[in-house]
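Labels A, B, C, D, E and F are assigned to the chains in the order they are written; within every chain, residues are numbered from 1.
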Amino acid sequence: MSDNQLSHINQRGEASMVDVTEKAVTQREARAEGYVTMKKDTLTMISEGKHAKGDVFAVARIAGIQGAKQTASLIPLCHPLMLSKVQVEFEPQPEQSRVRITSLCKLAGQTGVEMEALTAVSVAALTLFDMCKAVDPGMSIEGVRVTEKLGGKTGHWQGTQP
Amino acid sequence: MSDNQLSHINQRGEASMVDVTEKAVTQREARAEGYVTMKKDTLTMISEGKHAKGDVFAVARIAGIQGAKQTASLIPLCHPLMLSKVQVEFEPQPEQSRVRITSLCKLAGQTGVEMEALTAVSVAALTLFDMCKAVDPGMSIEGVRVTEKLGGKTGHWQGTQP
Amino acid sequence: MSDNQLSHINQRGEASMVDVTEKAVTQREARAEGYVTMKKDTLTMISEGKHAKGDVFAVARIAGIQGAKQTASLIPLCHPLMLSKVQVEFEPQPEQSRVRITSLCKLAGQTGVEMEALTAVSVAALTLFDMCKAVDPGMSIEGVRVTEKLGGKTGHWQGTQP
Amino acid sequence: MSDNQLSHINQRGEASMVDVTEKAVTQREARAEGYVTMKKDTLTMISEGKHAKGDVFAVARIAGIQGAKQTASLIPLCHPLMLSKVQVEFEPQPEQSRVRITSLCKLAGQTGVEMEALTAVSVAALTLFDMCKAVDPGMSIEGVRVTEKLGGKTGHWQGTQP
Amino acid sequence: MSDNQLSHINQRGEASMVDVTEKAVTQREARAEGYVTMKKDTLTMISEGKHAKGDVFAVARIAGIQGAKQTASLIPLCHPLMLSKVQVEFEPQPEQSRVRITSLCKLAGQTGVEMEALTAVSVAALTLFDMCKAVDPGMSIEGVRVTEKLGGKTGHWQGTQP
Amino acid sequence: MSDNQLSHINQRGEASMVDVTEKAVTQREARAEGYVTMKKDTLTMISEGKHAKGDVFAVARIAGIQGAKQTASLIPLCHPLMLSKVQVEFEPQPEQSRVRITSLCKLAGQTGVEMEALTAVSVAALTLFDMCKAVDPGMSIEGVRVTEKLGGKTGHWQGTQP
């Protein structure tokens, strides 16, 4: 297996931002998901609480959306992108005692947006963690992955259900 | 269970940054971990490649350290902190076909640094993902959690091995 | 009247960050307020809407809190500060057809936090504007001012009701 | 009146960045204005001072231009934009004992630039406030509004003189 | 020679971001270089050290790439750009007791990318300085300049060898 | 000479932020300088221009001050610092056909501020370059170095005149 399959590392092993200057501008879309696993009581508190419900997910949603816009400054070799759509959603899953987070990012550009979708999920998950850590410090973030990609050279790609 | 156990949400369900003005400045420390699960070939490529080895982990390490410093701008209700130490390490685990990422953050301050440690791990994981996604788009980030905390009112806390 | 009363401008008319190295660290607090004046229908929509209510103010609140943390990177001669508390609140005032925004910022430090409190109000106001501009582009932001300051050399200061 | 007129809030009341992927790229322009009301002495000091004159407005102008470029990271649901022009101007108005601030933002893009123009005015106003607050803590920021918009679906729009 | 040749300063001497709204989108490219002059021992340590070699240049390279992406937020009158390629390279030059840093930036856009190339070199140089300053505080950064530009109205431009 | 004199690189050659948790908080100060070498006509234009004079140096000064505050986000292994003073000055030197830039940074903290002083000079130099590049693309940035340090374990340090 050849090293140069790692697109961000040149033959001398040095990092570099991939040259996309000549790539076509196409409409691209990526979806990602992830989970915050927590105690049943914590999940109840944030998903059924009389007062809390509104703001807990609202804060994490905004953080995820803002996070997506910071992707190029967080991930060193990511290109700056002009996201045309970011969406972050939460689904409490009481049977698995966790919150499912999903994101959708879109743009018309020269590179894919899966890193933006993953960053949105990760930052939303970290924000949920932050708001619940006083009552449940043992939470964990699981299964952060790309679920679907559209556009670009590879066309339609779907992740295998784990 | 009372809603007001959620320290970041007041009685009207509104988000707010916790008031730490009167809290003592103590030395604090937090460790976090996480995993990037990938194909065996991908792991081989980044951990044994003749050239690539140096830069792949170096890039992700720097991203994690820089990410820790951005925590307060990423996580809405986190306080700005003066980190006095950030460390990020990688351990390829071929048997589980994954990379283990660990972080350590320290400061003398009024609030804990577990969110910084978790952000370091998350951003390092996203960066590894970014560099390998061209050859292995089905990777996932797993088990991002706090493993140990020192300092502050709660003293020494250790996460239960999952 | 002497020019050198402008603390940020030296005798040659050049901007400079005021030297606070020798100033005592004291507990400081500032409150600010401001208004977004809008059509009655717009106010009804965001303050009584069945669904919208939660997120509209939640988004603006988070933006205000995050904005306060960005003050030193927005206002050139502001010192970086370690805010220990930020709070942003909204009060729909139907009789004046406007939303009142109030903020509170605290820290133990060498300089006041009124710019942080004003920035929190301004960014929250801009965010409300952004979310309502499709239905009400003629809104305006009014009366952004400091209402109260505590701590530092000047002690307790209260703004005159306009 | 239907809630879904709020373009940034979906039917479940959740915030989301509006999808502009399919919108045409057109040339867009927005102008905004605002005022910093201050004591007559303060206005005299910054607009007629032998030395100060140069830098006070220069600092606020740069802050406003830089602020416009930070709009998408300050206002959660704003799209990242590639501003092609930002201009900020100041006009001391001694009769009203205030400074008028005006801004102009331009780009060829899929969304309007009024939030960028408003952010430029707001940050310039906050910066003037910061530089004068030692001598005049009772200032206020007034009348921040959009005065004119060009381009996009709505075409030419002008705000009503207040 | 007329003042108005300074494109960023208008006839009243006020700073302004140049209007590029009507400029054609062309493919642009810029190369820059710079040097960090240091003691021979320091150069040996970072370029021949058994362990250090990998990470020292890797850290500076990542910093340079990330710095290029921050150009518009660092340089007040720079336009935000969508860089399509950033590359930073290091060449130890033992005879001159220095490290040569070169950068290449590319984009398809309305303005040149020489400031991005210069910022990449400067931030990479500052990062090398930071990592070596404990052993060699007397280093200096020299000869930071544009070496070549392609695209835009001026076409191909090459700097004169100093 | 041993590799481990490079304080930011551990024995395995990995980058790490130096642990300053236990270091004493002392008052620290650093001065740096640098030069932008340009054509005589360019220097005349920016230093004697009827209109331009005010804003050209004012813009570069603000950029330098703002840059100093961004040091920890630009230089990967720098600690976040609470600068208590930043000052940037310009001196046209017609005989050498250049502008001398000097900076002073101060704080009470656990680490030195020489990187902040160097970053202030570098960003101010880049900003001068940006504003003059249309008339003088062949400029270069020279001699960026620390001239003096006070505080911390090393006490008073002065750079050797080059």
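Heads up, the rule we're going with is that a residue touches a chain if its C-beta (ideal position, glycine included) is under 8 Å from a C-beta of that chain, and two chains touch if they have at least 3 such contacts.
Every value quoted in this text rests on a predicted model; they were computed, and no experiment measured them.
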Those chains which touch chain D and also touch chain A: C, E
Most remote chain, CA-based centroid, reference being chain E: C
Interface numbering overlap (same over half, different under half) for chain A and chain C: same
Inter-centroid spacing, chain F versus chain E (mean Cα positions, whole Å): 15
Cα-centroid distance, chain C relative to chain E, in whole angstrom: 37
Gap in Å, rounded to a whole number, between the CA centres of chain F and chain C: 31
Where chain D touches two or more other chains, by residue: 14-15, 53-55, 58-59, 61-63, 66, 70, 73, 76-77, 80-82
Touching chain combinations (by label order): A-B, A-C, A-D, A-E, B-C, B-E, B-F, C-D, C-F, D-E, D-F, E-F
Footprint of chain E on chain A - complex, ascending: 14-21, 23, 72-73, 76-77, 79-82, 109-110
Touch list for chain E against partner chain F, complex: 1, 3, 5-9, 11-15, 34, 41, 44-46, 49-56, 58-59, 62-63, 66-67, 70, 73-78, 114-115, 118-119, 122-123, 125-127, 129-135, 137-146, 149, 157, 159-160, 162
Of chain F, residues touching chain C in the complex: 27, 57-58, 61-62, 65-66, 69-70, 80-87, 89, 106-108
Sites on chain E touched by chain B in the complex: 53-55, 58-59, 61-63, 66
